[in-house]
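Next, two complexes with chain A in common: one pairs it with chain B, the other with chain C.
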Partner chain A sequence: MSTHVIVCDYDEALISRLERRRLVVRVDDPSRLNDAARFAQERNALHALWLRVDAPLSGLPFTMLEALHAVPLYLDVTAVGNFRTWRDQVDRLRRLNVLVMVPEDAPVSYRDLRILSSLLIPCGIRFGSPCPDWEALTDLLYYAAYGKVLHAPIQPFHFVLSGYERHQRTDFSGITFDDPSRYLHIDSRGCIALTRKELEQGAFIESDLEKLDAVGDLPAYQSRLESWRDFFLKQDGCAYCPGWRICLGAFAGTPGNRPGCQKFFAEFLEAAEYHLDLRTEATRTILRPWDACPA
Partner chain B sequence: MANILLTQRCVRSCPYCFAKEHMSRSALEATLSWEDLIYLADLIQISGEHRVSLLGGEPTIHPEFVNYVAYLLERKIGITVFTSGIVPPRTLEDMTSAFRQIPEQRLSFVCNLNDPHLSPPTEFERIGPFLEEFGPRTVPGFNIYRPDFSLDFLFDYINRYGMVHQIRMGLAHPIPGAKNAFVSIEDIRTAMDRLVSYAPSFRRFRVVPSLDCGFPLCAFTDEQLGMLYRIVGDPIRFGCSPAFDIGPDMSVWCCFPLSTYHKKSVFEFNSIGEIVTFYREKLRGLRIEAGGLYEDCDECTYREEGKCAGGCAAHLLSRFRNEERTRMEEIYK
Partner chain C sequence: MATMILKITEQCNSNCAYCDVVTNKPRAGHMPLALLETVFQRLNEFLEADPRTEMNVIWHGGEPLLVGPDYFRAAHAFQQKHCRGTQGRIRHGIQSNLTLFSDAFAEPFRALGIDQIGTSFDPEPGVRGPGKPSNTDLYNRNFMRGDVTARRHGLGAGIIYVVTKRSLERPLEVFYYLTNLRLDGGFNMNPVLLYDSRRDDLAITPHEYVEFLGALFPVWWKHQARYPNVDPFYSLTSIIRDRELRLGCSDSGRCAYGHVNVDPAGETSQCGRSSDWGLLSYGNIRDRSLADILRDTQRDVLMERNNILRNGECGGCRFWSICHGGCPLDSWPKHGDLLHRSEWGCSRKAFVERYYEPITGLRFVPHE
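What follows is the complex of A and B.
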């Protein structure tokens, strides 16, 4: 059986066909969250509930969310909203197993992410615009990577800082379920796509759900996993950028992006190296002759 | 404890205002941003501090005032708000719903009250709604800036609004380089006589006076100190130490009267402790030049023993700046 986590909409007929698989169930209507969680958990392992709404965090029905305190909740919102409108919900949000995702280009999103993180509510940036505000992103990176006070993880920084290895690529697209080595997206007909965007565009790699376990053998799938090599074959500018090990060319398509993204990802890489050193130091064995010999 | 200014704007124009010089040199429209508030909350927590004072101008006119207070409380930081009590009606409404359930130990107010006979007639009508709502968690504050002051109205306010039975007494000090009303060195003893003359009222209404910084011990006779001790119960401190204020533009200075003295940026320090140490050293430099307000201060044993700081350092700085520049260069920065 494929080890992929399957991402699909809350569709009972579809979920019934995905028995015993790990699922991310996407819901557009908060009132259906409880039903979705209950139904998905009956025959599947629920990896997360993905609530995608065209509303700010402050507009969500928090009392309804409270019933889902044991379920990993991925709240994909358009903005956070004025603190006044959600300040009474801070405790409730802290009790949830939640990740609040805010679009990078939403007004004051960087400020709001700091507020969320400093109040110990896990959160993250959803990249949408081809050319993010690199300076604001760098400031947020500093806060996430070097802040001395306990704060909640900010994605994708936390993902990279806690998992970066010097001789491997670190692909943070999994934060938005877009890493094909871990997630596959399936529509109501059972067609399989590698990312959510491709699913919405109808770009499927397989239209037969029965072949789900054989996806790994498909040329389209394998070529996607190997697509990182293209940057080096083309001798693209990204091939010379040290930060590529983290960005993997995610922002390569936008003209004029490069000085900003190169600078940002160089900083990001430095932060990742720093955290790797911290992790290595924490696990280093130090000789303590005064300790008793292990049996 | 750090004092954070949310805004430079004020709704009053008190003749003794300590902040006058600072405000006149700063951009009036400057307000503390969310990013800087989060930075300061982090700095406070890194430093192991658990309380902060919010000041202005008038802090409640900051558009995010209620949000900032709610945020700091969520960060487990206790708050004392220094206000004139003249709060915009919509803010007061928001404060009432947001703060009613917050324990007084976590959120309290100091309301700076001026003598109604020396204030615009409408001022006290505008303070009433705030005190109606928050009186029981509010300490009245009063600044002595002339020797013939009156405290009678404060006892009336404490009883009328159920305010905390304490009066935070401040002594107005000169601001080097600016003109403000303050009690001259020659008048301090007269002013203290006046203060102690209220001892029967303090006793009768069970109100405790608490002296802010800059009061010199020798301004009181032994008999007066004894009377104060009977009312206060604890040893009275006659200190002058850095309270330090942080402006909306993240500048930091020792205290309002010394706002022009070695002003720095918060970003130059790694903790609250570093700021305190820095300004303590600067104050020590001033005290090396002159011990205190009076010539006797240089050899005063009470000062040597730390029982009295020798009065407010702003008096010294004012004096140094009006004489020939013969002192350590450090003093004039």
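What follows is the complex of A and C.
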């Protein structure tokens, strides 16, 4: 059986065909969250419940969310909203296994993420615009990577800072379930795509759900996993940038990005190295003569 | 350990701008299988006579993959047939541009014990590739495909990057490109060796090579853990800081009696370059044993060179123990003999004195 996590909308007929698989179930109506969780968990391992709403966090029914305290909850919202309307819900949110995602192209998101993080609520930035605000992102990176005040993880920074290995590519597209080596997206007819965007565009890699376990053998799938090499076929592309190993060309194709993205990802890489050193340091045995001798 | 460069073909599917084989109009055809069998008989004879020695066989070309996977299967069969008691002392390696590598090569390579492919790569247009002008796009696409396939079969591929005049325009970008392509390291930056004016647009001087390395070295030194096994920096650091002597054929001063090149017709020479230039020819492997070829008196000049240089041009140089005057062949185009030092050898000294020592604070102390 394929080890991929399957991402699909809450569709009982479809989920019934995906028994014993790990699922991310997407819901666009908060009132259906509990049903979706219950139904998916009857037959599957629920990797996460993904709520995608065109509303701010402040507009969500928090009492309904509380019943989902044991479910990984991915809240994809437009903004945090008015703090005064949800400040009483902070403890409730903290008790949930939650990740609050806000869009990068809303300037208020940078402030919102700092608020959420400082309240110890895991959160993240969802990239959408081809040319993000690199200065604002750099400021947020510094906060996430070097901030001394206790704060919750901010994605994708945390993903990279905690998982970066020097001699491997670091692909943070999994933060939005768009890493084909880990996630496959399926529509209600059982057609399979490699990312959510491709699913929405009807760009499928396989149209027969019965062949789900063979997707990994498809040449098109293999080719996608090696598509990072395409950057090395261009004469003046992202492959020439020191930060490529952690951005993998995610913002290629927008001329206005450079040098902003180069500078940002070079800073990001330095932060990743710093955290790698911290992790390595944590595993070192340090002589402490005042400790008891090991037996 | 002795080294045999086994040039089974001079044909190549690429037309690289700096290749001597291409420039010399390569001979048609591959080494006949009957001759390849003779090579294995000679190998066995040589290894049986000296049970302490080993032979490093480097399959070379032209492009050696042009011969097809069955050729390597035949090679393995010859080894099984003729080298039963000595095959454990034969190490196989291969130098290929990878563009023809396919699944079919994996099994015969495994049988021969090949787990690494030496290759070369250059992203700059017009430097490598088939046709005139070189079709770099096609070459690079095929290289990537071959690299994917090789890695899938657990074959590592170390890259040689040839530093040309075009590299000088953006050294750091080239460095990042190569380190991104090989995150786990394993590439070497060698200067392009062009001894005439046929490609002035690519040729560089030893000074330019030193400056190229100097532009990269501070970044490498600061982030050595991020960029492992990047040569010449890694090897130099092993030599200077870790006191491990890691020298190649051009620096060791010991190539005289340890190297032999066998061309597709069985003609032997000192090495690939001497063969390309028609120098230091030792006769045909059909007619002479490997022991005789490796003891040929023409080789004595390479040993004498060590004494001549040490007491002459290289006298008093504190880098002698890691340079030995560089590759003797470098002396030929300028002086018409093999007895002068290589300008490229001196570039190592220049790099260490101008960049390595000031940046690292380490000082090279000659080895005993």
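What we mean here is this: the second predicted complex is superposed on the first by the 282 of 295 C-alpha atoms of A that agree within 3 Å, B and C clash if a C-alpha of one lies under 4 Å from a C-alpha of the other, contacts with A are read in each partner's own complex, and residues count from 1 in each chain.
FYI, a contact is a pair of C-beta atoms (placed from the backbone, for glycine too) under 8 Å apart; a residue touches a chain by one contact, two chains touch by 3 or more.
This is a predicted model, so every value here is computed, not measured.
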{"item": "Clash-or-fit label for the pair chain B, chain C on chain A", "value": "fit"}
{"item": "Touched partner set for A:241, first chain B, second chain C, both or neither", "value": "second"}
{"item": "First, second, both or neither for A:229, with chain B first and chain C second", "value": "second"}
{"item": "First, second, both or neither for A:115, with chain B first and chain C second", "value": "first"}
{"item": "First, second, both or neither for A:83, with chain B first and chain C second", "value": "first"}
{"item": "Which of chain B and chain C A:148 touches, first, second, both or neither", "value": "first"}
{"item": "Partner chain(s) touched by A:47 [first = chain B, second = chain C, both, neither]", "value": "neither"}
{"item": "Partner chain(s) touched by A:273 [first = chain B, second = chain C, both, neither]", "value": "second"}
{"item": "Least C-alpha distance (whole Å) that remains between chain C and chain B when both complexes are overlaid", "value": "28"}
{"item": "Chain A positions touched by chain B in one structure and by chain C in the second", "value": "none"}
{"item": "Residues of chain C that touch chain A when the two form their complex", "value": "123-125, 137, 140-141, 144, 147-148, 170, 173-174, 176-177, 180-181, 183-185, 223, 225-226, 228"}
{"item": "Interfacial residue positions of chain A with respect to chain B in the complex", "value": "82-84, 87, 90, 111, 114-115, 118-119, 147-149"}
{"item": "Contact footprint of chain C on chain A as seen in their complex", "value": "166-169, 226, 229, 232-233, 235, 239-242, 244-245, 273"}
{"item": "Residue ranges of chain B touching chain A (in the complex, touch as defined)", "value": "34-35, 38, 41-42, 45-46, 64, 66-67, 70-71, 74-75, 94, 98"}
